[in-house]
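Shared between the two complexes below is subunit A, which pairs with subunit B and subunit C, respectively.
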Partner chain A sequence: MTATNEWAANHECEVLVIGSGAGGATTAAILAEAGHDVLIIEEGPWVDQGEVVPFSLEQMDRQYRSGGVTVALGVPSIAYTEGRCAGGGTEVNSGLYRRPPEQAIARWQSEYAIDDFDADGLLSICEEVEAELTVQTVPGEHTRASEILRDGAAALGWQHDESPRWMSYPEGGRAVDGKRQSMTRTYLPRAFAAGARMLTEHRLDRIVMSGGSATSAELSTTATGIDQPTTITFKSVFVCGGAIQTPAILQRAGFRHRVGRTLAVHPTVKLAARFDETVNTPDDVPVFQVKEFAPGISFGGSASHPGLVALSLIDNWRDFGATVTAWPELAIYYAAITSQGRGWVQAIPGVRDPIVTYRLTKRDRALLGQGLARLALLMLEAGAGEVYPSFKQAPLVRNRADLAKMTAAFAATQASVMTVHLCSTAPMGENYKRTATDSFGKVHGATNVWVNDAALLPDAPGVNPQASVMAIAIRNARRFADERAG
Partner chain B sequence: MRAPSTLSTPMARFADALLAVDLPALPVDPRRQTVSFIDERVQTMPSVPRFGVKAIGIGVDILSKLAGVDRVISLVTKLPIPLLAEYPRLIRSLAFAYIWETWPATQTDGAQ
Partner chain C sequence: MSQQLAPPDVTVITGAGGWLGTGLVAAFLSGDHEYQRAGRLRLLVRDPGDAVALRAASDRVEVFVGDIGRADTARDLFRGLHHTDAVGSVDVIHTAGIIHPNKMADFDAVNHQGTEHILRAAENAGVRRMVHVSSNSPFGTNADVADTFGHDEPFHPYFGYGRSKMDAELRVQDAVDRGLNVVMVRPPWFYGPHQPARQTTFFTLVRTGRFPVLGGGHQRRSMVFIDNLIEGIVRAELTPTAPGLAWWIADERAYTVSEIVETVGRALTAEGYDVKPNRLKLPNVVGDIAERIDGVFQRVDKYNQQFHVLGEMNKTIAVDIRAAQRDLGYSPDVSLYDGMRRSIQWCREQDIEL
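Now for the complex of A and B:
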């Protein structure tokens, strides 16, 4: 192990990697294995898998930014979460894996003029990632909440499938036996084995620039009891802080061109469905997804801890609250859309955190309503006795007649909208008018500053973006290493 | 175990009063513990939303002293004013998540 939170006034390295999530960990591993002297910095702590209960408040306290209370302002505002720990979002997300859709790759290449970017190359890297993370389907028994999605979709004749996960299972293991193959178990140990070092609980305050070159980074520690700054000097820097922090870091360093202007997300609306049996598995999420209306609308299952069940009912607590005591019979599901709206991330001088906004379009709002109605129908077909939509003044749905009332009553502005897939705040490509970096993540106008995380994706891919992020990060890191190898 | 809140901030006072209305049977100790949790979570929020929450909290606190906390709670939970309406929603979200996560057998009225 070469991760430490110990303070020192100065560090030196050849390549500084800011952030240790899906982009940062892969970048560090590829560059270290190519012989570069790599130092990774991570604002959050190192938390081993299994130390905290997945999707619990303790996990939110220790591994999420701001305890999970983060929001993109708008009408409606959209709640989102960011990992803030070694391994970033890969430590806390659902672990559902989807390759980047070939249509998305083709669209990104053509609209953003990305050089040397094609499906064959990217999907070949995906195969490597899948082997490294032991991406697979559940070998044994599924959770009941997961089967409900499959059964409801099958009853309606809707397309559905099981999303593979980056999990390892014992032979014939059940869904709940999986062990998440996150960055702290895979690419970070690989980076360490190749000589990379890692500083945890160190927050980047700013990158010091000299002309178009970054020369050093100034950090403060987030560990308690130390109030001394740290300076790191480097030759090159990769910013991999995720779609919210990366643009804020770039803006503070003086980079503005197309930075933080095109935040893309998959907005979701939720409902809780009650069955006449125990369906709630608090520590796991359903793996089946319904793709009948994809890429516009997709359905899946969410974490359903009792606290999250209560949360799903609060918009109509007076009418729905009584059911909270039956939380073992309830599970939460979501309808996610591909949004035409966009958001902003803006760093404000003297303020620690950026301000984040997001605007749903009229079409987005309509799609969220359609998604919720179809999801409620699926739940009824799967045998739900009662469906509780998460928007203010929603009716309780027990049958198809109630569905019509729900559809009429839905307003996105009254819904609890949230997202977990954030991307596209520093898009890549040679189309200068639309991009913040070149085709391999080098920031326009910089000589030694790269971005290598979800911020590079030109738009939201319509599926879980982790595979897309990892494949692109590996591609770009290899390019960097190859160029320096001559 | 989280230390009970001393209700020393405007937000804590509003949260305590809101919980007394929403979950009237929630005993005082868990209620104060919940308020303490909310207070801590608000302190860790990103800068701009945290500033907004605190500003609304101060405004609501002043109004509560003038017009009575029950009337103010009734007002801010019913008026569909953007941002203002988010204030009780945020507090409820944090509170309910904490209560049912910590004491999953809690009844709808807060009884334990």
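Now for the complex of A and C:
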């Protein structure tokens, strides 16, 4: 392995890649394989897959930023999570894979004027990614919580399917036997094999600018027991810190045009459903998704570790709290929407984390309520005896008449709204009024600064965005390499 | 889809003096109508004036006058129809309802309690099948213009009318659990001949260019021409299915409000009316304000039709009819344009000025 956290010196490289998630790891691999001298820096630690239990509280402590949850301010505030480890979000997310919808690709191309951007090109990169990450459906037995989604949707005649995952399974393996093919097992080793180096547990303090050019990066360590500032000089820099950190990094470097102004997310609301059998699999998430009302509303299953079950009941703890002891019979599900709202990311001088705000529109709030009600109906049809919606003063739902009480009582402002799909804080394209970078991620006004992560997506794709992020990052990295090869 | 049953020996129709009921009776009695039936019709009307005309229509018709909010009305209506009375098969089509009442309490008395009275009386008589005419209102409105209600949806009633129609649906499910063979149809906004004055106003507003189009007119609305609705009701009655099912009965697809206004304008022009271009484009907030005023009125037990209708105008109410197509073989043949032309022709035949 070529990743280390002990490297207290000044260094040089040709290309500095900031961040090692879905955007950074692919960028590093493509550029290193094209012969460039690549150095990756990552704020979090290297944690091998299997070292911590997936979706556990320990994982939240070690591999997420701020212990798992950060909050975008607004009414309601929206909780979000960011991976902070080698491999970024790919190490800790649900591993569900969806190609970018062709509709979204066409919309991005036309509204943002992205050059050389079409479905054929991106989807052929998706095929490469699918082979690299062994994207597949579960060969063997599903978890009970997963089957519940499938059965409830089938009872209602609602369109649903199994989302493939980037997992490897033994022959005929069950859902719980899957091994996640995250960046630490795929693109990062590929980058190392091609000569890339990686410095973990080092946080970028600032990019030093000279006119429109970035010249060096100043880092400090986040590992305990080491306290030595590091400076890295480079020719080019790719900022791949994710949709929250990337705009903050750019803003601190002086880039402001359309940076951090158009945060897009898929807001979600949740419920816990109780069945008269064991349904909870703490270390896995359901793979079925309900697309009957997509792209507006989608349903899926959430991680349901006992701690997360408690969290899902907390909005009405007085009435619901006692149920937590029955956690093996409970599973958590979400309703996600495509939002018309947008948010801001703003770096504040002297403060470590940026301020994030997000505003749901009236339609968004209504759609969250409609989504939660339909999800509750699906749970009743799947045989749930009790449904616990996650909002303040939520009633317990046992039958259809209770659903009317639930819809009457629902207010998005009282709900625990959260999201995991953050994007669009440095949109790409030639439409200067709407974009922060050109069609290939080069920051407007910069000579050698690129963005190559979820920040580039012009808006939220309506599906799990990791495939979109990886395909676009690979496309842009290839363009960079090709231009320098000629 | 199963083979359809023959029409029953006796068809009981509540709300027979109403818009939909009048259309059903006309279809059943008309010699050349696709759905004409030979058996007796037993009709319930609230207004004694309606009874006179209906009695004159045919000697196969019996007319009862009464308020279904009262339990004895329903008992009287089914007198002599008990299965031991050897009258043959009896079906019930329950269309009676109130949509624009004088006071809020009427919603519950008529739509909810009235339905319960009819269900109990039908159950007691041992009828073959009952069709309850519900609405989109128990389900509210779509939260997004692109959203469409599936055939099964969680309740989210829109104000007092929606609550009363939801409560009626819950009583229907209770009756199914007790063994009654009852199903439901859910028409959204319907239109066509026999329409009341408030719908005639709609034509006049379009003709004079004063129909309030809110927020660009992109909202989608499902509508159903009355003949399409009659087809849906009859198919729900005569197609053997499990009790307790419910179907959206609407035209093939939802229309945008702009498309509706434009189509009605074309239909009026084709019928020889002088149509002015629509000028009344209002921001969405007008609908929001009207909705809020409607809510305030309804909370203090008052009902204002103008605010209610305007408050709903910027909403999408779109439904998916595929379940009715699949289960009932329902196929709405009349297009919006043709349906509107026929409505306009009917108005002219009645000497109604548009």
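Definition applied: the second predicted complex is superposed on the first by the 486 of 486 C-alpha atoms of A that agree within 3 Å, B and C clash if a C-alpha of one lies under 4 Å from a C-alpha of the other, contacts with A are read in each partner's own complex, and residues count from 1 in each chain.
Following the convention adopted for this analysis, a residue touches a chain if its C-beta (ideal position, glycine included) is under 8 Å from a C-beta of that chain, and two chains touch if they have at least 3 such contacts.
Computed from a predicted structure; not experimentally measured.
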First (subunit B), second (subunit C), both or neither touched by A:D116: neither
Partner touching more residues of subunit A, whether subunit B or subunit C: B
Contacts of A:W158 with subunit B and subunit C, given as first, second, both or neither: second
Touching partner for A:H305 - first (subunit B), second (subunit C), both, neither: first
Partner chain(s) touched by A:A376 [first = subunit B, second = subunit C, both, neither]: second
Touched partner set for A:E218, first subunit B, second subunit C, both or neither: neither
Residues of subunit C defined as touching subunit A within the complex: 138, 140, 142-144, 146-147, 150-157, 163, 166, 170, 173, 323
Of subunit B, residues touching subunit A in the complex: 22, 40-42, 44-49, 82, 86, 89-90, 92-94, 96-102, 104-108
Residues of subunit A defined as touching subunit C within the complex: 156-158, 292-293, 296-297, 363, 366-367, 369-371, 373-374, 376-377, 381, 400-401, 403-404, 406-408
Touching residues (chain side subunit A, partner subunit B) in the complex: 56-57, 65-67, 69-71, 73, 75, 77, 305-311, 313-314, 317, 321-322, 324-325, 327, 348, 351-356
